[in-house]
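Take a look at these structures.
Look for chain A in each of the two complexes below; its partner is chain B in the first and chain C in the second.
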Partner chain A sequence: MPRRGCSSACANVSPVRLDAMDFVITTLLNALTLISILMLVGLGLAISFGLMNVTNLAHGEFVTVGAFAVYFVQSMGGSFWLGLAAAPIAGAVVGCILEFAIIRHLYSRPVSTVLATWGVSLILQQGLELTFGLGAKPVTPPIEGTLDLVFTVYPAYRLILIGIAMLTLLGVVLLISRTSFGLDIRTVIQNREMAEGVGINTRRTYAIAFTFGAAIAGLAGGLVAPLAIVLPQMGVNYLANAFFVVIVGGVGSIGGLVAGSVFVGGLTSILNYQISPSLAQAIVLLAAIVAVRLRPNGLFNGASR
Partner chain B sequence: MLRTLAVSAGYGLLPVLNGIDLSVAPGEVVGLLGRNGAGKTTLLRVIAGALRASGGAVVLGDKDLTNAPAFRRARAGIAHVPQGRGIFNQLTVRQNLEVGTRAAKDRGDSGIPADIFGYFPILREREAQIAGTLSGGQQQMLAIGRALCGLPSVLLLDEPSEGIQPNIVQSIAELVPRIARERGIAIVLVEQNLDLVLKASDRCLVMEKGRIVHEGAPEAFADETLLKDLLAL
Partner chain C sequence: MIARDRNWLLIFAVCVALAVVYPFFAGGYQLTVIRDALIFGLFAASLDFFWGRTGILCFGHAAFFGIGGYIMALVTLNDAIPFGSLLGIVGAVAGAAFVAAIIGYFLFFGGIRGSYFTIVTLAMGVICQQAAVSWSSVTGGDSGLIGIPPIEFDLGGLHVDLSQDLPSYIFVTAIVAVVVLALWSISRGRWGTVLTAIQDNEIRAAALGHNAPLRLLVTFVLSAAIAGLAGALYVCMAGLVAPDLSGLLLSTEVIVWVAVGGRGTLLGPVLGAIFIQRAQQTISSFNPSLWPLLLGCVFVIIVFVLPDGILSIYARLKALFKGGRRAQ
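Here is the complex of A and B:
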């Protein structure tokens, strides 16, 4: 976590106020970084778990695959940006194969889906370990250094990450609300049998939506790769948090996704400053349970799908 | 021409349809009568592909659709307006109609046909309204209008009068035969409201325990003793 004291740019501000301001803004930006990642990972889970009732325990591996895609491209001499372009493609390929080979045969058997995707998750983790070897993989950010934001100094790459995540989310909102395919998805989500009845190939729509969610998770993995420890097991953390996001935020709307991400990401970032990460994680889980108890249908409820 | 040949179907081990032979010509309205549980709704679901036939065949023109999934049947020209109407509640009226055009995709979809609004002017007025906020009667009109957006050759209507105020039932009774004639659509009408079904149909069939047990012109059903006998009214 970046923590900086006073910089020469703001010498006129009193040190006490400056420290407070620095702290607030840095915490805010840290939270925003985590929230951005959680939103992207949660988006795919909101599609599969929230809307298609598929509990995909291999969703975290889409993140891992995305991060490894960036590592692989960089290790072959490619740029970070090329790797970042490859990340969603890698996620989509794995997601598409998973949907086609396993999930589509188990739509009516939710418990089997849990077991099957857990197995796939382990296979992917071990497969990555066998292919790339043990140990954390180095990924270098495209831009080193910091940006002076008057009140605080913040790593430039994190700001780029936040920007890309927001643009991606905006793109998804536009895709779902404005395009013909988005209309198909909303139709299938609301009433699958009737969607089929008006001539929509719902099986295909599901497959595309699932693949799309995997691609976005892959992108999240690519974005987070320079900040995180890139390991075959890294997806597990994102999986748990993404489930919190979807369950706390409420199923079926972008608003719920944002609300859940802000809740989980915001709380985690603030607590991480004060206490150890594992305790912070436990408190976030506790808060999530309380939130779900108080608002069983999600923090953000009744928005349009 | 829609035909079912010795169609049988059921839910799990429970048989509901026992060899149904039905044929409906373009422009014809066939009314299906029968007590609750006779299999009327199930027959429509089997024709639409929402439920698989366990035997027999569903044929549209020269195409055997028995094993086709529901969306292929919709694209082939079979439109189903189910019980409860199946409106997409969170979409606008216009979006519902737009989704309805998906069925015409393979047959030269040219958007929402303008004459739909001739049958249902209210849909034009309410174009931007969220469909879930429409009244029951308006939703029924939307459901039929949406079905017509797919340029169907067969229209399956399941209890269009359910939960609808009487004056709208009246206008549906007038519209159904008009739509069949003007667009050359074969219509199968399942209905509990006898006035509606006798007024709108060219021919009526009575179902009992998964079979067709009686067939006749609507006038023949005006005889109350026959109705009592067949429908236990």
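Here is the complex of A and C:
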């Protein structure tokens, strides 16, 4: 059963110096932390849901697996950075197996994909619980302490998180726009039959793209592990939020992903100051629904349908 | 088509007959077990009415069950409200329908179908459960509300008191039978035919003059209202309401009941709910964390082995024997 208590993706940091400038910068950085994580989780979802039309309800478990990878490496005496390197690998392995065993057989049956991936999600959650036991798992950040940013003081690890997320996103943009594999992906997305016609192995391209998305989600799980409550059931919150990102932002472009993340992450972290996290979630859901009603193709892609 | 209707009515009559004779053979405790299972069966039928007829999967149906349950609990626990039981049921049905109408309006008229709808309702279920936990001044938080009285009301000189096992069993059975029959007649009539047309090709159905979003919305609202009714009945029978009633696990389980029982049959989901809960109680008595694991496996098995539910085994066997005979 999904445990309670991890209702938002990561908690806010309170401002220290209590003046207006401090408040603004801290709020911005809090929002940026959440936005970075949502972008990484949403990226894989944008690939599978937005482009391959596969509704993967086990996507949240890639985040969980990444977080558990960091926990596992740390508990074996390894460093956080080693764990963070293991996180995307763990996500990729799970994603690759999932694609190979289940998703590729169900490309033409969307409702079946929903049911099967949800089943896999339950199996993974219970599997993790049976392996690692009940209760939250402690993960220690690699750097304790804060960094002095003239106007405010902010935890150093969160700044690192934002930096890694931005670099990863930049890497993905370059991968898709500059490499031949990126060209293959763009071709398959635009027209699958034509792509096959010019000799691209679309099955392989799908499989690699899906695994890649899982790896990025695993990395997000590893990054967020020191800030979040690491539980086998933690994935569902990221799943719901990441789907909002993709739905609100619209599919098919990095710009949409960024717009969706800014919308969901920004709204959530600002609302979290004023009201309880679950009420904030409800408002974000309502806002997302209204946004979809007004801009069916996503914030980024204009109003036309 | 006619033969199929006759078969359905035949099975329905057999089920009702079994439900009628059951109290003669079962004790009070067994009656309450079946009664509670029947309420969940009603819940499953409500999901099937929407999912089976429109092909759109609602992944947060327990939200409506929970909303109905909480409204019923709050109304009956408040001494200032007269006719608590009746008003509670009305409020539960209306509350669930209202939430469904708001969410459904934005989604259906916004052109949201298929997977998108599934995701948004999934999120809705998550949020409802969180709201039930965190709004503790009203909902009692994690531990929920206890001491909800049994249903009791006077209607036109008839005094209904469901504090005993047998009357409550009869009441629930009657409601489930009537609602399932009503849903069936709606879905086999013109309304259901149009829904099937919309499911097959919405653009074509719209071109023929059917207001597809409105049809979907009304179906969704009706489905949610019945889920709310089931929730209201359940909390009165159980005497308590807890956040789990609107949770993701219940939303998941109801999908399994419908999928195993056979989507679109209305009766199958009721039977599926009864049998699977039976299995769940047995399995959970060994090890409580084993159940979600098995549930996950059931999902995967349904998709790959039995996409049309348990009842399709019969049809397949029939086809197998028919094929064999033809080959001879």
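Observations
Following the convention adopted for this analysis, the second predicted complex is superposed on the first by the 283 of 305 C-alpha atoms of A that agree within 3 Å, B and C clash if a C-alpha of one lies under 4 Å from a C-alpha of the other, contacts with A are read in each partner's own complex, and residues count from 1 in each chain.
Assume a residue touches a chain if its C-beta (ideal position, glycine included) is under 8 Å from a C-beta of that chain, and two chains touch if they have at least 3 such contacts.
Every value quoted in this text rests on a predicted model; they were computed, and no experiment measured them.
If you put the two complexes together on chain A, you find that chain B and chain C both fit without a clash. Touch criterion met: A:199 reaches chain B, while chain C stays clear of it. Of the two partner chains placed by the overlay, only chain B lies in contact with A:186; chain C stays clear of it.
Within the superposed three-chain model, A:229 lies out of touch with both chain B and chain C [touch as defined at top]. By the touch criterion defined above, A:119 reaches chain C but does not reach chain B.
By the document's definition of touching, neither partner reaches A:174: not chain B, not chain C.
In the superposed model, A:97 lies in contact with neither chain B nor chain C.
Between chain B and chain C, the partner in contact with more residues of chain A is C. Of all C-alpha pairs linking chain B and chain C after the chain A fit, the shortest spans 17 Å. Taken together, the two complexes place residues 305 of chain A in contact with chain B and also with chain C. Partner chain A is touched in their complex by these residues of chain B: 48-50, 69-71, 74-75, 79-80, 82, 86, 88-91, 95, 98-100, 102-105, 146, 150. Per the touch definition, chain A reaches chain B in the complex via residues 183-184, 186-187, 190-191, 193-203, 304-305.
By the touch criterion given at the top, residues 55, 57, 59, 103, 106-107, 109-112, 114-116, 118-120, 122-124, 126-127, 129-131, 133-135, 142, 243-244, 247-249, 252, 255, 259, 289-290, 292-293, 295-300, 302-304, 307 of chain C touch chain A in their complex.
Chain contact summary for the complex, chain A toward chain C: residues 1-2, 4, 7, 49, 53, 55, 57, 102, 105-106, 109-112, 114-116, 118-123, 125-127, 129-130, 236-237, 239-240, 243-244, 247, 276-279, 281-282, 285, 288-290, 292-294, 296, 305.
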